[in-house]
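Here the structure is laid out as structure tokens; the discussion comes afterwards.
To keep things simple, chains are lettered A, B and C as they appear, and every chain counts its residues starting from 1.
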Amino acid sequence: MKIAIVSGKAEGPTKLNSFDNALLDAGIGNVNLIKVSSMLERNTVVMNLPKLTPGSMINCVLSCVSSDKKGDLISASVAIAIGENLGCVIENSQINRDPEEVRKESIAMVKYMMEVREETIHELIVEEINHTVENIGTVVASVVYLK
Amino acid sequence: MKIAIVSGKAEGPTKLNSFDNALLDAGIGNVNLIKVSSMLERNTVVMNLPKLTPGSMINCVLSCVSSDKKGDLISASVAIAIGENLGCVIENSQINRDPEEVRKESIAMVKYMMEVREETIHELIVEEINHTVENIGTVVASVVYLK
Amino acid sequence: MKIAIVSGKAEGPTKLNSFDNALLDAGIGNVNLIKVSSMLERNTVVMNLPKLTPGSMINCVLSCVSSDKKGDLISASVAIAIGENLGCVIENSQINRDPEEVRKESIAMVKYMMEVREETIHELIVEEINHTVENIGTVVASVVYLK
């Protein structure tokens, strides 16, 4: 299993358009996203996002949040823990929370998931993105499952 | 890529059943719907909905809204813009909004999506359905991805 | 088409972790769940859940509810009706409702779905799970589509 980890942020004239712009910013705006939850196969390899064929079907874990309140701090993150036999992913999105705290929370949650599975963590990755809303903004963080 | 564009409306004894009845009215009530968002491949062809095998897995963009307030005007729409290299789809569902305004909003959003991708629109389609709730009603509009 | 019908309940340190623990309790915690709605092919066979490969992609109907209020009674159920030509599944999750009533409601909804399709019910199965929240709890009931 190969995965790519991406994030993006954007403003737009509507929530839907700012969401779409954030997906474009993350590099996954031209495909069909199918949301899945949220486990990784053994021997998962993290790689850079390749060029995706427009209109193709892509499985992903998606963390996102939008706001239309000027000044809101919006945060989206994914935390990925990879072990010997499997890996776990958590998504965490928040409004007006200290990014440092959100990160700690994400790490604690994914560590706990590995713990209950008695898996040792070989690799731990947090992808996070924060944005202060100007008019209408969206942040997205995603684990993209590649073929 | 082949797509079909459908819509339906129905009443039912519960929200879930009115939703199911609306899917039946749209011709997609007997399959497993997997929601995707929301891009079209180049050379996408719009065709009539073929007979779908009951129980098959079908990817779709789904716009839907239910209400159990007698007199509510419920509206679901999808807007599809097809260009040279790709196409975009937006979903828009509303309660008690002027259908004319909802349509304009949908068109504006999908036009903007094409604009940010620097795609010229060759074909623009809006599928919309409106229903005044009697007891418990649902409207659905959908872009169905065919194999 | 082969399906398995499962349920699980668990507490956890966060809603996400209690949800994950409930999936583990149900036997579907180590796979990627893709939510679908909610029809069965003709000749669907119900079997026990086999060992699933960690990280594999699994289509399912998922009914779930979480609560962090001590004492809340949380209930998740799926009702499955199988007929000659197809089958229907409904998901029903509730907080602080009489489980007996929830079950009746689930059965009534799935019966109605079969009725509007003029299908005779050969087999009717309800899977339900109830849990009184201690700190943060989740219940899940699921129809898992096997290859």
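Please note the rule applied: a residue touches a chain if its C-beta (ideal position, glycine included) is under 8 Å from a C-beta of that chain, and two chains touch if they have at least 3 such contacts.
The model shown is predicted, which means the values in this text are computed figures rather than measured ones.
Hopping across touching chains, the smallest step count from subunit A to subunit C is 1.
Homomeric contact subunit A/subunit B: same residue numbering on both sides for under half of the interface positions.
Averaged C-alpha coordinates put the centre of subunit A at 27 Å from the centre of subunit B. Each of residues 34-35 in subunit A touches at least two other chains. Within the complex formed with subunit C, the residues of subunit A that make contact are 1, 34-42, 44, 59, 85-88, 90, 92, 105, 108-109, 112-113, 116-117, 145.
Remark: subunit C residues 12-14, 16-17, 20-21, 24, 29-35, 53-57 touch subunit A in the complex.
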